[in-house]
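Just below sit the structures, each encoded as structure tokens.
Both complexes shown next keep chain A, but they swap its partner, so chain B is in the first and chain C is in the second.
For the complex of A and B:
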């Protein structure tokens, strides 16, 4: 069942969302959250999901304090009151 | 220009040395306009490698939240190069997440640490000066 979830956006994605730092989407899983974001803000498409619909490796997605890669990735459920945070993955060599 | 208070500069270099033989990393928070760092967050290297680094994702979230609570924001990242120059590797350039950030590389190849900072965007690398803020500001790289 879809619930309203607040999503915190990193600075680098805010320009794609008209400067907003928090947006609200209706979703029941993290996959829904990301697809809703891409649908509403198409500029985010290549930064959140790969062409095959999987989670892009350069983005970290959290539900409350947990990285969804350690939960059920895109299938991770979201519940009323959960806070979803997106941050760029920070990595290099 | 990146402006680093002396205590944070020393903390950053110490974290890199402590991390040997692996690469060490962390993130910087401060004023995005002046490039002045007011908080430094040493993080774990999730890759646990001497050749690559990934800022541990929960450490990154905690740093981001703490910066926001303090009325500031993340403005950059630092990591060490254990055996190479203080210059961004091709991997650093490919994976640079935000063109507005400062990318600090601490080389531990030689007997003294070498600290340099860069702006990276669209595949281009531009070095910037690093100023250590203390009783007398000292420029350590141009």
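For the complex of A and C:
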């Protein structure tokens, strides 16, 4: 069932969302969250998802700070009150 | 006690200390591996020495010959480790360093005589990598070891860090370390999983992508080539983000146990604590955490004594991985 989820956007994506740092979408999985974002903010298209619908290589998506690639990827469920964060892949060292 | 012929002989073989008193779950023991005990003060001494020795074996660097130059992008620790190795061996090092690292990192590079080339802080380490690659392409005569793609980086952890942990804590169930180049996680993780396939590998990262406002788009993201080449996605069991405030809280808790560790160690401990509280009922764990460096380079951050809100806010704009 779709629930309202807050999504934290990194600086690099905020201009596509009218400067907002947190947006709320209705979704039941991470895949829904990303598709909703692209639908609402078409400027994010191509940055979040590839043409085949898979997660873009340089975006990391977290549910309550856990990277969804190591959970159930786009099928990872979201629940009421979960916080989703998007972050660009960044190096260290 | 034996004496050593060179400071470089002291790289690696770091101590493991139990800090289970800090564990949020009595069924989970916690151990920290104190990489700050390396000669230049971080885990990166292992990588720096291995990469330089590899380059010498390959004939890219010739010991004793004057005028040899290396260039490397680093958020600090690899640069500092390389600077020490280069100073001892007589090479000139240029480090491309983001402008928003702690002042102590810059000072330590200066101690070892490295030349600093500043990259825009808003682009984080990604910007340093890009700038170093551009400069190296224009100077084919300089040696570009490139830690993010150099196989000596994960290999030294497979050959040293992993076996040290297995020797000192064969009951290890989880290995937790910061994700920077991915060398520590991939090399150590591969070794531990070969010994015991059920060992879980947890990566901890800072929310650095929140502050890198200099990136134009997500296409400026960066994944270290070694991560892809060595199947990093399949090696890691979990990846978690730890925010600055939690990192500071955990360096303070480590201090309660007498462990003086850097901010990325605080983040790694926070990740280990999450791991401990998520254990299934009845499970026992021995969680080994890499403390990548000691606290010295973070004294100016006020991490131990300052108002925690102010310290966390300052840490938000400083690169510490």
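The rule is short, and it goes like this: the second predicted complex is superposed on the first by the 90 of 93 C-alpha atoms of A that agree within 3 Å, B and C clash if a C-alpha of one lies under 4 Å from a C-alpha of the other, contacts with A are read in each partner's own complex, and residues count from 1 in each chain.
Just so it is clear, a residue touches a chain if its C-beta (ideal position, glycine included) is under 8 Å from a C-beta of that chain, and two chains touch if they have at least 3 such contacts.
Only a predicted model underlies this, so the values are computations on that prediction, with no experimental measurement involved.
Participant: Once the two structures are overlaid on chain A, check if chain B and chain C clash or fit side by side.
Facilitator: clash
Participant: Touch test for A:56: chain B only (first), chain C only (second), both, or neither?
Facilitator: Second partner only.
Participant: Should A:90 be classified as contacting the first partner (chain B), the second (chain C), both, or neither?
Facilitator: In the superposition, A:90 touches chain B and chain C alike.
Participant: Which partner, chain B or chain C, touches the larger number of chain A residues?
Facilitator: Comparing touch counts on chain A for chain B and chain C gives C.
Participant: Figure out whether A:6 sits in contact with chain B (first) or chain C (second), or with both, or with neither.
Facilitator: A:6: touches no partner chain.
Participant: For A:40 in the superposed arrangement: first (chain B), second (chain C), both or neither?
Facilitator: neither
Participant: Quick check for you: in the superposed arrangement, does A:65 touch first (chain B), second (chain C), both or neither?
Facilitator: A:65 sits against chain B and chain C alike.
Participant: Thinking only about the overlay and not a real complex, which stretch of chain C clashes with chain B: 19-27, 109-117, 253-261 or 271-279?
Facilitator: For chain C, the clashing option is 109-117.
Participant: What is the shared patch of chain A, the residues that chain B and chain C both contact?
Facilitator: Of chain A, residues 10-12, 58, 60, 62, 65-67, 69, 85, 87-93 contact chain B in one complex and chain C in the other.
Participant: Contact residues on chain A for chain C in the complex?
Facilitator: 8, 10-13, 47-48, 56-60, 62, 65-67, 69-70, 85, 87-93
Participant: Would you pull the chain C residues touching chain A in the complex into a rising list?
Facilitator: These residues of chain C touch chain A: 44, 74-75, 77-78, 124-126, 129, 147-148, 178-181, 183, 205-213, 215-224, 233, 236-243, 319, 321.
Participant: Note which residues of chain B are touching chain A in the complex, please.
Facilitator: 25, 27, 47, 51-55, 57-58, 60-61, 64, 73-74, 77, 79, 88-92, 95-100
Participant: Which positions of chain A touch chain B when the two form their complex?
Facilitator: Touching chain B from chain A are residues 10-12, 58, 60, 62, 65-67, 69, 85, 87-93.
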